[in-house]
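First chain A sits with chain B, and in the next complex the same chain sits with chain C.
Now for the complex of A and B:
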C-alpha cells in the first residue's frame, strides 16, 4: 500500500546457507540470564520454543497476502529468539550485534517476547559483510501487558551497496508501551515494512525513522500502526535528509479499526532534499473506521528554510556550518543525539 | 429526423419571454449500448462524421477497459440496463406527486422557490429564468463569449470543438471517460476570447436546455490568453434523478495569463452513481480553481485535476463532501506540476454522518521540469457518529529535488472542548454542533455566490439534524 519498489531488486530468489554470528554486551546479557531470560539460536539443529513457533505461525497466517513474508518462511529457518520473562526490569541496555560474515544472500529471523510487566531497552545492530549481498530480515514480537520495550534497530553496511528487505511485526498488549526507532544506515537499497499492532486497550507505540540518504541509495520504508482496541495511542515520525542521487520514499499509515474508540493517532513524515539529483516522497495515509478518535498526519518535502539560513549567516556562521545546524535541527526529533552526523 | 412528438413544434415554444431554443422531440435509444446505438445518437443529433468516428473509437475503448480497481464498490451499476441517450423531454414525464417526500421536504426547508422545485425534481422542463438568461446571453455575446450547450456548439462552432474535444481527457483515460466520449450528450460549451473578462459569474443554472441532459454531460471551457471567467454549475437543492449512472467529462483550457474558476455543487439523490472525470490545463501564469461541493449520490468518484503546464501557473482545489446514510464520497484532487515555479493548493473538507463514508484520494506530482514547485494540501474530516468512516490516501510523486510539499490531514469527531465552551455560553448541544460544523465548512461556503451559500447553509443544517443531539 503506497510503497514503491522495483520487483527486480527485491524478488525473493534462493537464499543460500547463511553464516552469521551474534554477541551482546556481557553486563546486560548476564542481567537478562540472571532474571531467567535468554537469547537462543534456532535453526536446522536447534528448535524454536513452543511459544516462538506459535507466534511465528500466527504471524504468517495473519499476513498471507505478504508475498515476501511467505517466501521468507519457505527458506530454511534460522535466527535468534529473545525472551524476557514477566515482571523483570533490566537496568542495562542490551546491545545486540548480529554480523553476517559471508557475502551471500541470507535470510534471518528474530523473535522477541517481552513478558508482562517487564521493561527493557534493546539496541540491535545488523552488520553487513564488506562486499555486496542481499539480506532479508524478519522480526516478530510481542510486548505483553503492562510491559515496556525501547527498541533501536540499526542496519550498518559494508563498503559496497547492499540490498535489504526488512520486515518487522510487533504486537502490543494491554497498556504496553513500545518506543521503536529504525535507522537503516546501510548503502544500497532498503525496502522496509514495519507494522505495530495495538491489539489491546491502552497500548501505545511510537515509531521513528531517521535516514541520511547518500550516493544512489534507494530507501522505501512503510510504517503502519494498527489500532484495534480502545484508548490506544500512536505516533509515527519519519525524517530523511537526501544527498547526491539518493531516493527516499516514506509511507506512514494510521489505521483505526471499528471499536477502537478514544484512539489517538498522528503521523509526521518529512524529507529535506539537499542536492539537486536527490529525490523522494512522503505518503501519509489514514484509514479510519471509528468516529471517536483523534487522527492526523503532516508531511512535507522541502529544502533549507531560507529565512533560518539567512539568519544564521547574518550571525557570522559560514554557510556549511549554518546548513549543518539546520540539518541537525531537522533530524533532532527522530535521532538520538550521538547519531546526528557531523 | 422526423418529429415523433408534434406537440413540441417550434411555433409553440414562444411566449412573452421571447423565443426559446427548440426542444427536440422525444427520442430514446432504449436500454443498453452497441455500435448501432451510437450511430443512432450521432444521427439524431446530425453530427459531423468525425464526431461519430470519435464516438465509435471510444466505444471500442470502453469495451476494452476494465472497471476501476480502486475505491468504492461499483457492482451495483448494471451497464446493460442504462438508457444511454434520451432527449430532454423524456425526463419530464414525472408527476410532482411522484417526487419522493424527503426531496420535497428538503426543498421546503432550504427555501427553494416553487417553480424551481418542480424543475429540480424533474417534473417541469424549466423554471422562470428564461428572461434573465436572455439578458445574460446578450451581455455575453456582446463580449464575444460563446456560452451554449455542447451539442449546439458542435453544430455552430465545429472547428473550435474539434480543436479541443478529448485532448485533455482522452477516451482511453478511464472506462467512464470512454463511455462518456461514446455517448455524450449536453453539457456546457464556454469560450472566453483573448483579454475578455466575464464580469459576472456564468451559471449553468440559467442555461435551461442543458439542465436535464445531465447523464453523460460533456463540458468544454476555453479561456484564451488573458481572459477570465467564473463558471458555476449545479445547485444545492437535491437533484432527483431516475438515472442511476452519471458519468460526466469536463475539460478546461486556461491559456497564458488566463483565469478560470469552476464552481460545482452536486446533490444527487441517493440512487445515483456519479463517476466524473474533470481535468483542467493551466498555461503560463494562468490560474485555475476548482470549487467543488458533493452533497449527495450513492457513490461519487471524482478527482478534479489540474495540469500546470506553463511557468508560474497556479492551481487550486477547494472541496467539501458531506456523506450521509448510504453514501460513499470518494473524492480528491490531482495537481500535476509540469513547469517551473508552479503552485498548487488543495483544501478538502468532509463531514460523515448517519453512517456515511467520505474518502480523500489525491495526487501531487512534480515532473522533472517542475523546478521550484510548491504545493500545500489540507484534508480535514469530521465523523459525526460511530457508523461513519473516512480514509485518506494522498500520493506525492516527486521527480525534482527543489520543490516543496506540505500535507496535513486531520480526522476526528466534533471537538469536545469547543462543544463544552459553547454549551457553557448557553447554546444547546444541537445548535452548538451545528455551529461548529458550519464553521468547519466556512472556507468553502464563503467562496460561493451568496444564494448558493445560503442554500448550502440551510441544507447542511437540515441534513445534520438527525446526527446531532
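Now for the complex of A and C:
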C-alpha cells in the first residue's frame, strides 16, 4: 500500500547463519536481571520461552499473507529474546547494541515481552558490518496490560550502502502504552514495516519515524496502527529530510475496526526535500469501520518554510545556519525528548 | 551613524505595483512614525528595506549610512545593523529563544562566539526590564507565544542585537495597556545618537509614549505628507479623508 518496492532488493535467497554479537549497558542489564528478567540468545525456536514461542507462532499465523514474514520463517531462527517480568519498573534505560560482523546476508529475530504493570525504556541499535550486505530483521513483541514500553530503534550503517528489511509487530494489551521511535540511519535501501496492534481497551501507541535520506538512498516505511478495541489511541508522526538523490516513501495507516468505538487515531507525515533531485511521497490512510471515532491526518512534501527562513535571516544568521535550524525544527516532533532537551 | 535614505522607490509584489515612488530620509538618532490606511504599503516598505524576496524593487535605491543596500541579501543587511520587528513574527519551535538570540549575536559578531555567561546575564536583565518571564528564554522561538508576547519578544531581540536602524511594523497592535508601556519603554531605552527607527503604527497612543521626531503619512504607495508629532494628533481628529486629494495630486505628476 503506497510503497512501491522491488522484491529483488530484499529477497531471502541464500541467507546463511552469520556472526553477530550483542551487548547492553551493565547497569540496566543488572537491574533487569535482578528483577527476574533476561536477555537470551536463541539459535532455534526450541530455545525460546514458552510465551515467546507462542507469540512467534501466532504472529506467523496472523501474517500468512505477508510473503517476507513467511520467507523469514523459513530461515534458521536466531536472535534474542528479552523478557521483563510483571510489575517491574526499570529505572535505567536499557541500551542494547546488536552488531553484525560478517558480510553475509542475515535473518535475525527478536522477541520482546514487557510483563503486566511493568515499565521500561529500551534503545536498540543495530550496527551493520563495514561492507555492504543484507539484513532482514524481525521483531515480535507484547506490551502486556497496564505496562509501558518506550522503544527507540536505530539502524546504524557505516560508509557502505546496505539493504535492510525491517519488520516489527508489537501488540498492546489493556491500558498498555507504547512509545516507539524508528530511526533508520543506514545508507542504501531500507524497507520498513512497523505494525502496532491495539488489542485491548484503553491501549495507546505513538509511532515516530525520523529519516535523513542521502545519496541514492531508497527508503520505504510503512507504519500501521490497528485499533481492535474501544477507547484505543494512536499517533503516527513521520519526518524525512532528503538530500542529493534520495528517495523516501512514507505510508501511515490508521485502521479502526468495527467495535473499536471511542478510538482516536491521528497521523502526520512530512517530507522536506532539500535538493532538487531528491524525491518522495507521503501516503496517509485511514481505514475506518466504526462510527464513533476521531481520526485525522496531515501530510506534506515541501522545501524550507520560506517565511521562517526569512525571519531567521532577518536577525543576521547566515543562510546555511538558518536552514540547519529549520531542518532541526522540522525533525523536532519525532526526535526523542532527551536529545532535544539539554 | 545610522541614516537611512530612500530615493524614489518603486516596488512590485508579483505583478502588482505597491510602492509608487517613496522618498524618505531618517537621520541618525531620529525616530520616525509611518501612518496610513490599511493596504497602502507600509509593511511593503518595511519588508523591502529589510530585503524580503517577496518584493521586487523596480526603481529607486535604499542607502544605509551612504551604502546602497538594495543588492544585499537579508542576512547581510541584518549584519550591517538593520532590524525589522515584524507585524507577524514566525514561530520556530526547534530552537530556544535564548539559543536563537545567541546564534544571531554570533553571526553579527563575524561568527566569533559571544561569551555565554555575559550573554545570559544581559538576557536576564533585558527580560526583567521587559517583564518577560524567565521561562521564555528556554521556550521555542515564539512557540505558542500570544500575539502580545511575540511583540514583546521582538523588542527583546532588538535590545539584545542592538541594531543601528530598526523598523517596527505595528509593534503596538494587539498589546494591552501595560504591555504597550513596556514595549515603549524598550524602544525609548534604545534611543541614542547611534540609533534610528521607523515605527509603523495606526494609533496615536504609541506616539504618546514614544514621541516621534517626524511623522509621515503614506497613501497609495507614496508618502503624501510629512510633519511633526502634531500631524499624528490632527489625523486622530480628521482621519485620512482630507488627505485623499494629496494622493490624486501626486498620481498626476
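Rule of thumb we're sticking to: the second predicted complex is superposed on the first by the 333 of 342 C-alpha atoms of A that agree within 3 Å, B and C clash if a C-alpha of one lies under 4 Å from a C-alpha of the other, contacts with A are read in each partner's own complex, and residues count from 1 in each chain.
The criterion applied here is as follows: a contact is a pair of C-beta atoms (placed from the backbone, for glycine too) under 8 Å apart; a residue touches a chain by one contact, two chains touch by 3 or more.
All of these numbers come straight from a predicted model, not from anything done at the bench.
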Side-by-side fit of chain B and chain C on chain A, or clash: fit
Partner chain in contact with A:57 - chain B first, chain C second, else both or neither: neither
Winner by number of chain A residues touched, once chain B and chain C are compared: B
Contacts of A:328 with chain B and chain C, given as first, second, both or neither: second
First, second, both or neither for A:101, with chain B first and chain C second: neither
Partner chain in contact with A:313 - chain B first, chain C second, else both or neither: second
First (chain B), second (chain C), both or neither touched by A:277: first
Lowest C-alpha to C-alpha distance for chain C against chain B (Å): 14
Interfacial residue positions of chain B with respect to chain A in the complex: 352, 381, 383-413
For the chain C and chain A complex, residues of the former touching the latter: 50-53, 73-75, 78-79, 83-84, 86, 89-95, 100-101, 103-104, 107-108, 111, 157, 161
Chain A residues touching chain B - in the complex, by the definition given at the top: 2, 242, 258, 261, 273, 275-303
Interface residues, chain A side, partner chain C - complex: 305-308, 310-319, 321-322, 325-326, 328-332
